[in-house]
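Per-chain residue numbering starts at 1, and chain names A, B, C, D, E, F, G and H are given in the order in which the chains are listed.
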């Protein structure tokens, strides 16, 4: 149950369209449901606009599917990230209509009532082609959160004219998510070109002294462009959630 | 010259209120001015809404004052961060009306034309009293950027009722900046309670395995509350600039 | 031979129920037995209440089984942790009655004389479902040490009402073990809510800047709740052993 | 107001010795008091048995004294740790009867009603003379919490007979706090000799690859003696608080 | 004695202008002279074109001056880097004509015969004003090595038009030295704009997660522009020496 | 299209040999071509003398082949590094004439017009046999860039006479690339023996405290031989590109 | 050819038993032989008493076997460490009589003339059974170097009586090699009990904050027992070589 | 009381030269004496040949002097390392005849009976002049332990002929201590030239990515010359103690 649905319900009660007993009934789900191996936060949608998202990594397939089922049956939508390829078939089999995205390693089921749209466009930029899986996780998540998504791909600073020739795309965005590995320099350059929020996602693309994404993480935290914020390495999901907090004021 | 001023000027030209020569004159400042030891980006205000902010740390006092003078005389306002106490008198002597803030280590001169106000309030939260200098840097910066600032102080998770009794303050904010050292756990808890943007600032408060702020930095990057973003350790300035990007859409 | 058994034996000697030669015989096991590839500390049970526990990781299967056999035949019980799935069948085949736990990666054989019960309950809390294997290792170890175990699962701080609605469970515990990965913030929040000992176990759940559990480890070491103690990453076994030191005063 | 005092008060109400209005009056302090720069958790004593302890490091002297005053006037006792030598005179001047400890960098004011005594003795062991300041912080804190304190000094493993000749002291303790820098090996050896809780405090004593206490921290986290727990580097205070959680069951 | 001088001497011997005994005399300096506390490599000039450069940091003033004297009296020139301000007067007093540079912390004495000029210009670029001391160390060293030096100051990527408007300066350089702290992103951008050698110098400018220059060091090592090379943090001297290896083929 | 080709074309226009329309036609390729998943920088050859090189690691095979095809069909040559063995057949099948190098993990297609030759020889030195894959990547890249390559293999400092007996090879080089893992000491020794540019490549050869190449990386950054520069761990490609910047002045 | 053999040969020449031409012939092997992919240091045996040892990790099987053959045919013996199981059969097939050790991952061929015996015994001690592979590498190497080897297994400090009951073994050693993972504390304890050289080998046994052997490495470098020296993580080979330097004075 | 003295005493008892009561008297010192703040290991000299050495860093002056006095009065000699300049006068005033060494930061009092001489010479080598304080600490310690000391100064690998011209000095040593900062490469080169034990001491000389001695520490641990051992950063004392273990077999 999302915040908007609860508002509507309360309005109906107020307007006499719904009696108190019925309203109570519809509000009666326990806010947190225990499955033994998990405690599902059913008020997440109410509190934050979307149900609890399942982080797939390291979860037993049975647990993963069990949690997904319980969330899905509420009808508020479902998003799974870091879905192991081996777990995907079980999920598809159990939850009809769920959409898998192999590149982004996500599974998504739309809510019955569409998620309220965010204001403006979320632009997902990548420095290189190898950053695409992270960008895809961000794009799927933004879509699930009700945001419009645009993309600008492979415009890293080694050939800066590629970026400078696309300032139009930058200018049209409400929020920009920048996914970059290696030197992570793209976030600083974009941060200096625009006034809108820039959310930097360091990726684990690179080798040697990239140290699994540590290098771009530090670059981005030390951005000389003021007001760039950073999320965890490869955390396209988190960047999109941060964008949704901005676009759903 | 800020974006709004340029817009107005162009409108005057269009409307015939200002002739081209005069307009040219007022636009004639070079976008970047070289002082030998510095290249001042005079279009920063135009591009991003506020002139270049001077990072005071490690700068020779003569250089610092020289740059400050050149920026101040444009009238678009001036902000200095990480101001060494030893450099403050020279700055005060040279730039009349500049306001020093000892706790936040800032110096601020208001622009002639007030900075456009942001939408909503920026709430600056601290986990403990020792985090106040960082919070103060954020608050001064937000004010300089035209944002309304509210504060919630010393509400760390060791006594979580202090925070839970102030959810009203959380609910009223458009953006929340969370300053916390040691375990940095406050950002996750707040991130889970609200839907608005949460910008986490790890502070260097703590000792031993806090490693100068590394501990809360990692905590915040790994926040289990989705969509929390992070800036550099002790970077109250950056957090406020990120907030301004959100409030000045 | 456990401390209690030796006490009883000495009492029998004192009371004339057992002659010296027979007592000597029963005490005659060498305190440390050499197998060539291992030196088994047979006085561990006497000194610390439970026989040497076998750390399964990195051990040759033949060595592992050989050590297990020698410990098992003393009848004081046997616990194996970090048991590689590939080594489990050989262990089961050799030691009848041993109980395998796949999730916790343990093998356990109860002692002939039950281990003395600890005072109070050990509560094992997890922040998320992915922390369950570590929690299970703790729970199996606590049981082996004679402690009563309770569980509270998936109550991480991103939805703090899940925890706050279960303060009853917290209030009933003699010792609380908190297993959490990612931001590890749960340990601080629980540490601030209770007065009993809180033992924090950082888990390797997470990715990127979680650095294999380093992030929650640092969080927990820097807990702003006073008196929280920490064990190694993923060390559910160690946490349970620390709890047993408390409950078996 | 401590838990015991509240219990007594409630009993008086129940027994008719105290009327409700009077009881209410005495319970009427707000649980959290805001000083602007601090939010004092006045229910800490009620919840955890001792008022909020002030961490002195990095606090402005005025703030420090202000907070101390407000806590002191409740009469439940006051403890300041990491007290900068420069801040001590101001504290002494404001709070009569406060006891300073230069080696341990603490200030302590006893509560009006003595803190309930813990069960058993807390033994504070140091590996070397240079570890004494940390041990002293632990000892002062334990005393403040109502625990009996014993000491065993300079018994590091380089001359292990120093420790082995004092197993009597180890045997008499209810909890053992081990403070060691450099290789931190003492915690493992003691952990293997006793069955009671061992709380290891890595100290920043050492140089070079001790990396400010990182070396003994890692040693202790990896202790081959099962069930040793660890607190932050140089955190004598935290170790004593952990001990108090054990002795005040 | 430099390589050119030895060549000339050998030519004179060959041409009969100099007899063998005299030549021997002039070549008779031991290639390495021992001062007890130092072993001066007098063939460094012969082998690498400039005498051994003295690294001033951590050297006893007496040792420093002693070594400097012995090198200076050979007439091949003298360069001291990382000169502590306290050591400068003693050096000036002992070695007439030595030029001190306070910003770059260097002392320089020209050789009697001018150092052969390198081909082309060495361009020293800085991202910000705070990087100037490192740039100055590089510039002084390049001059000492016989290179022409140009400078481009404060053109960091936060305002990339400052750099793009000066591509002329980039185009004229034979080698470019890029000094940048914080995000270190400037090296990648320049590396992508030019075909000449780019030597990146990370500086310790920044705070928090800059970790004393680690952040820009990693950025530069992971530059997405191919063929950028890196020297140690703050090592302006090393960058200039690398440039001299290129310009003195 | 390479710089030389454009120069020739412009000369033809100037000399009347080519009319403007035809010239325009041949220059009409967009400087950056978007494939959706990639933005190919077709001016890289013009700007830097060789087309964009494809970093094969982490790229989807379809993406990799698609990009390679688009670059190859321009005729300016093609280089792929870090080519996964599994991706090689698809590449060979699509691009006739491409040369695979299994040891160096590269694929190379020569340009239609030979790349201009660099001045002098690039000498690739390895400390041990295990460093050969990195050296091979460097050698293939240098050849692609038009440089002559010489090799000196397995001359690490543990048997320094192996190196000292080959100073002839060192003396003949224009640039020296030194590939070394473990202690990485070879770069310092060679740096002290020659005056030409030395580019050090730390390799991930080694174990334990080599930390995947971190040890030789730090060694090389701290080289006591002045003017040694460093590239990323295992980055033979980058070293060769840096060499080409030197040899193609 | 070993040092002893060369001495004998020179004595024969001096005594007229061997003519100069024959001696020259036998000395005529080039000191370093190039195989293209390797430069074998054939004087290693002469200089250091044993031929170059082959580090097997990361070497191509063909290269490995090729080098081994060239060394083996000199008759001075052959040792291969870190031998990949997959490479062992090829080695066995090519070099008859070579002895494989699966646990220690070594291959050894005795020299034709026995290696001179070292003085005294090398005692190899392990803290736990999981440290045995490293200990075995040390033992095989010591044997190859001509040393007598004794073993003391699984005597870690968690049960210190296991060690204290074997001080006889410690007392009889000329050199002690201590292999320990996890807390690595055993090296300090042994270092404090004996006066002979103690060489500590940190092993990668452990998990979590053992960080692949970093924890015991730091412990051992910070040993509070004076004069303990350390080699690389898991470097049993290096420890044995260090022991041989001591026993072959 | 040293081992030799006890042997002599026991011989006298055996030979009837000393009666049992007198012998007992002279042996009656407690093996460990408690000063409250320290537990002096008076059997250290007996067990390891020299009394406990005092590590001066971080010790209270009163404690330092108190411990020094108690050790000095036994007449077995006294050594203090890391002596703070401020503590030296108090030490000199209390203990007549103690020799201070400012460069090495040591204080030394010779024992009444000379320490037995070690076999052979300990050669202390430094890479640069800045390494001298560490070398001096090693040299003073070696002298105190009864070893002959030789020195070879400033022979780092940047000018390798300085070292190669002094192989005579290397050849005459029984043990070689190599002190080097920055790249630490000298240890590997020397390790490859000699067969005697090489003990490497990384120093904190250097800057930037030397990370306080971490760089040479890693270099030395990864030495490609087999059998080089390493002690802690700047630990000249430890290296000399390790040498004494070798020379006093």
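Throughout what follows, contacts are C-beta pairs under 8 Å (C-beta built on N, C-alpha and C of every residue); 3 or more make two chains touch, one makes a residue touch a chain.
These numbers come from a predicted model, not from an experiment.
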Length of the shortest touching-chain route, chain C through to chain F: 2
In contact with chain C and with chain G at once: which chains are those? Just list them. D
Where in G-H, F-G or E-F does the C-G interface recur, with over half of the contact pairs identical by residue number? F-G
With centres defined by CA atoms only, which chain is the most remote from chain C? E
What's the call on chain B versus chain E, same or different interface residues, using the half cut on shared numbers? different
Distance between the centres, which are taken as Cα means, of chain H and chain F, whole angstrom: 50
So how far apart, in whole Å, are chain C and chain E when each is placed at the average of its C-alpha atoms? 60
Whole-Å distance, C-alpha centre of chain D to that of chain H, is 38
Residues of chain C touching at least two other chains: 47, 128, 158-159, 193, 208-210, 214, 217, 221-223, 226, 232-233
The chain pairs that touch are A-B, A-C, A-E, A-F, B-C, B-D, B-E, C-D, C-G, D-G, D-H, E-F, E-H, F-G, F-H, G-H
Interface residues, chain A side, partner chain E - complex: 127-128, 156-160, 182-185, 188-189, 191-193, 206, 208-211, 214-216, 218-226
Residue numbers on chain G that touch chain H, as the complex places them: 47-49, 53, 119-120, 174, 193-199, 217, 221-223, 226-233, 237-246, 248-249
Contacting residues of chain A [partner chain C, same complex]: 31-32, 34, 36-41, 43-44, 47, 52, 55, 57-60, 63, 67, 82, 202, 204, 212-214, 217, 232-235
Along chain D, where are the residues that touch chain H in the complex? 103, 128-130, 132, 153-155, 158-159, 161-162, 165, 205, 207-210
